[in-house]
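Given below, in the form of structure tokens, are the structures.
Next, two complexes with chain A in common: one pairs it with chain B, the other with chain C.
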Partner chain A sequence: MTDPLLSIRDLTVRVGKRADAPSILDKVSLDLMPGETLGLVGESGSGKSTLGMSVLRLTSPTLTAGTTGRIAWKGDDILTMPNRKLRHIRGEEISMILQDPMASLNPVQSIGTQLQEALRRGGKRNLSAAAEAALSEVNIPSPAERLRAFPHQMSGGMRQRIVSAIGLAQDPELLICDEPTTALDATIQYQFLELLKALRAAHHMAMLFITHDFGVVARICDRVAVMYAGRIVETGPVAEIFARPAHPYTKALLASVPSTGHAPHRLPVIEGAPPAVGHRPEGCPFHPRCAAASAHCRQAPPRTELRPGHTLNCWHPQEHPHEIA
Partner chain B sequence: MPRDLSFKFALGLLILFAIVALIGPFFLEHDPLRGSLRARLDPPAWAPEGSATHLLGTDRLGRDVLARIVQGARISLAVCVVVIAIAGTIGTALGTLSGYVGGWLDRVLMRVVDLALSLPVILLALLFAAVVGPSFLNIVIVISLVLWSQYARMSRGETLRVKNEDYVDLARTSGLGHAAIIFRHVLPNIAPSLIVVATLQVGVVIILEASLSFLGVGVPPPNPSWGGMVAEGRSYIVSAWWVSALPGLAIVLVVMAVNVVGDALTDRINPGLKGRGA
Partner chain C sequence: MLKHLAGRLAEALVALLLMSLVIFLLSRVIGDPVALLLSDSATEADRQMLIAQLGLDQPGWRQYLTFLGNALKGDFGQSVTAGREDALHLVLSRLPASLSLAGIALLFTLVVGILLGVLAAVTRGTVADLAVRLLALLGQSAPSFWLGIMLIYLFAVKLGWLPTSGFGGAVYYVLPALTLGLFTLAAITRLVRASMLEALGSEYVKLARIKGVSEWAVVLRHALGNSLIPVVTFMGTFFATMITGAVVVETVFAWPGIGRLAYESIMARDFPVIQTVVLVITAFFILANLIVDLLYLAIDPRMRARS
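So, the complex of A and B:
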């Protein structure tokens, strides 16, 4: 078996240095193999974006001070490596796409300038030809003209494609996508996911795909990790999680996804709201909202491996097949 | 007058003054520093006893007022350009650094800015002049000491806004260093606001230079500066109004033109800034 590209162990991110400071991430562990796409799913505030930013050590100084654990990139710990080395990893080995394509480009520089800046860092020489090629790769029509355009002259879908061209300019081995499709409308979302798949195959890269949309997960991910209140509650291969979700939270999330098969009068919802940072309950963080909760749930739940690769942290794994709502 | 027309008119006036300041002194008929005592306080050409020799009349030493206004334009506008260049560079550098780095550096620098904002310019200039004597350099130093803080304030605030934009985060994810981020992403995005501050300050600097020269701590005589000319002529204001009033008119025209241009730029570049300038 090959070594994981990215291996996160017991990553805890607190707001500030003190040991009793509220935590945003609580002992998160995950592995990502070369070429693999892992989906990180969870509600707003579950810590998925913080996890993505931590991987590049880009969290704000308060959070960086409160970060403990280990993020091993090809065996080297990102959290302790010197800045010089980290700067080589950023962009060259790990790159990122953010949610809002409107905010992701510098408004006062042309597309060409921004793209060429990244290409130059990637060691490309014939910059204008390389820039044109990069735009063609992300399906931008008449790339030569577009290089002179400014961000405000383009649509959201086009900008997001340009952002990904910039992200891929240095041929990274891992692309972190923080909800890249959320700001796009449904048809453009579909196109963009197809484009990402093609790019992933062409560049042989792994992806860490942060989203709250199971539909997106089903389209693009190999494995999925479900996050709740700063913890990973269940992880496994996409097909397995969709067919046999075992954590009550995963089940509830999947049940609230609308399906085209039959239209229920109302979609099931998870009652209540996720706990705020600093007010997370003892034990399993989901127990106040969980239908299966018992007195056990006030203690830290055990980690069970149901099948190879499918693990969850729960006192009451739900072992019967998931009925589609 | 429609806004656009007044903008063009004001801009044209400024360009005219700039040309006069640059090349005007080469075309002067009279030496601005030397007068003829026989031609003291001659009225301008259009007045009853005026003559075409001195178009705008002469001052109490018989020096040509037109020649002195043209020569004075050079000094007054030079003070402006130099002060804004110095204050703008220092203020922008410190403000951007302050906003970008944050933490204790930000707190210290901003208290220094508060201090600079509280300095009474005139008093400071009087003190300076008393210690080292009036000179062009002194005016530049004193006015810069006070005005850099405006740029520091503005550039710090704008940097705080820009540095949290996603494109700055993305620049960091692509491995760009801090210096490159400041020069390629922060400065170009905060430049419009700073240009507006600079435009609005042209008027402030001209008025300050005029006030300091008026008080006798600015450009030392016999060199003409607009403020100094107004000061020299004030004892003859009843009998020979042109000595004070004409350089005063030049000040009014330039300051008004600069403010119109500054306002128009504010509207065009950054509508949110209106009414907050210097």
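So, the complex of A and C:
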């Protein structure tokens, strides 16, 4: 068996240094194999973006100070490595696409300047030719012209493709995508996901795909980890999770996804709201909203491996197969 | 681009024309020039003669047109004080002292203000940040006449390092430029600190860090360019502060510029000179705003697209 590319163990992120400070992430562990795409699914505030930012040590200073655990990149701990070494991992080995294409490009620099800055770091020689090629790769028409343009002159879909070109400029081995399709129109979303799949194949990259959308997970991910209130509650291969979700939260989440081919009906909802950071309950964080909850659930749930690769943290795994429409 | 510039120039001319009207009207309202010019022993006949001579028997619009025509020819009348000097000539002869002082103060203010602002933002929450913020707060709250006197007391009287006042070589510039610039310096520092913090927290700075760009390049190449946009916006206002501040600072430091000239001519009720000073300042003000517009085009591509 090959070693994982990225291996996160007991990653805890607190708001500040104190041991009793509220935590955003609570002992999160996951592995990512070379070339694999792992989806991180959860509601807003579940900590999935913080997890993504932590991998590049890009969280705010308060959170960085409150980060414990281990994020091993090819065996080296990102959390403790010197800045100089980290800078060479950023962009060159691990890159990232941010959520908001309208905000993630520098408004006063031309597209060419911003793209070439990344290409130069990637050791490219003929920068303008490389920049044109990079824009062509993400399907930007008339790239030579676009290099002289500024971000405000472009649509959201085009900007997100340029952000991807910047992310890929140094040929990284892992691309973290933080809800890259959330700010895009539905049709553009589909195009962009297809583009990402093509780029993933061309660059032989692994991906960490952060999203709240199971539809996106089904389209692009190999495995999925479901997050709730700063913890991973269930993880497994995408097909397995869709067919046999075992955690009550995953089941409820999947049941609330609208599907076509049905007469319109009221979608089931999960009663209540996720707990805020600092107000998370003891034991399983989902138990106040869980239909299957019992007195056990006030204690930390055990980790169960249902099938190879399919694990969950729950006192009451829902074993019966989920009906798929 | 050229069309935009031509438009701004036309606006500037209209503003100047309006200002001349305001100045003309104000000078008619504020005082009676005849009473001011006549000596105590003048007779009614002298009075009538002077009125005719000055054209004050003409209707108001005619007087304004005459004023405007003369102004275009560079004739703003004579100073009413003993010398009877040509008003425009008098103002222009005082201009270099004022411009050099304001220029040095503005340059010093910009360089130090931006440096301090960036320093405070980068070291946010540390002692350095706190010190800069405290300094900026003091700089914005200290009135310049008091500050000028305190600086003279400390550096000229107590320590004897610098001259108390007057006009001359580089050493004469230090205290007045400091006094004139401190308020603006504090304002720029606070402005740069705030906009720098905003830029440093932005998504595009995050993307620059994701690229692996060094912290220096993140600050200088990505954050600074964006955080200077509000500074450019306020440049016109800063210039205005310098000009109005000049009246006080030049008086405190006996600086032979138009600020002190304005003060002296107001005290002497020397209307032709007051009018000329105000008009010249207005012209510079409009010029400064034109320069700000051009700077804007240079620094922000979004403005280029709009114009």
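Simple rule for what comes next: the second predicted complex is superposed on the first by the 321 of 325 C-alpha atoms of A that agree within 3 Å, B and C clash if a C-alpha of one lies under 4 Å from a C-alpha of the other, contacts with A are read in each partner's own complex, and residues count from 1 in each chain.
Definition applied: a residue touches a chain if its C-beta (ideal position, glycine included) is under 8 Å from a C-beta of that chain, and two chains touch if they have at least 3 such contacts.
None of the values given here were measured: they were computed from a predicted structure.
Chemist: Quick one: chain B and chain C on chain A, clash or fit?
Modeler: clash
Chemist: So, A:Ile71: does it touch chain B (first), chain C (second), both, or neither?
Modeler: Neither partner.
Chemist: For A:Leu40, is the partner it touches chain B (first), chain C (second), both, or none of the two (neither)?
Modeler: It touches nothing on chain B or chain C.
Chemist: If we overlay the two complexes on their shared chain A, which of chain B and chain C does A:Gly91 touch? Say first, second, both or neither.
Modeler: A:Gly91 contacts both chain B and chain C.
Chemist: On the A-aligned overlay, A:His152 touches which partner chain: chain B = first, chain C = second, or both, or neither?
Modeler: A:His152 contacts chain C only, not chain B.
Chemist: In the overlaid three-chain picture, which partner chain does A:Ile24 touch, first (chain B) or second (chain C), both, or neither?
Modeler: Once the two structures are laid over each other on A, A:Ile24 reaches no partner at all.
Chemist: Taking the superposition on A as described, I'd like to know which of chain B and chain C A:Gln109 touches: first, second, both or neither.
Modeler: both
Chemist: Is A:Glu117 touching anything from chain B or chain C once the two structures are fitted on A? First, second, both or neither.
Modeler: Touch status of A:Glu117: both partners.
Chemist: Please pick the stretch of chain C from 6-14, 24-32 or 60-68 that overlaps chain B when the two structures are superposed.
Modeler: The overlap with chain B comes from chain C residues 6-14.
Chemist: Pick out the shared contact residues on chain A: the ones touching chain B in one complex and chain C in the other.
Modeler: Residues 56, 58, 87-92, 95-96, 98, 100, 103-109, 117-118, 121, 163, 166-167, 169-170 of chain A touch both chain B and chain C.
Chemist: Considering only the defined contacts, which chain C positions touch chain A in the complex?
Modeler: Interface residues on the chain C side: 202-204, 206-215, 221-222, 225-226, 229, 299-302, 305.
Chemist: Under the definition above, what is the set of chain A residues touching chain C in their complex?
Modeler: Going through chain A, the ones touching chain C are 56, 58, 83, 87-92, 95-96, 98, 100, 103-110, 117-118, 121, 150, 152-153, 163, 166-167, 169-170.
Chemist: Can you name the residues of chain B that touch chain A in the complex?
Modeler: So the residues of chain B in touch with chain A come to 103, 165-167, 169-177, 184-185, 188-189, 191.
Chemist: What residues of chain A sit close enough to touch chain B in their complex?
Modeler: Listed in rising order, the residues of chain A that touch chain B are 56, 58, 61, 87-92, 94-96, 98-100, 103-109, 117-118, 121, 163, 166-167, 169-170, 176.
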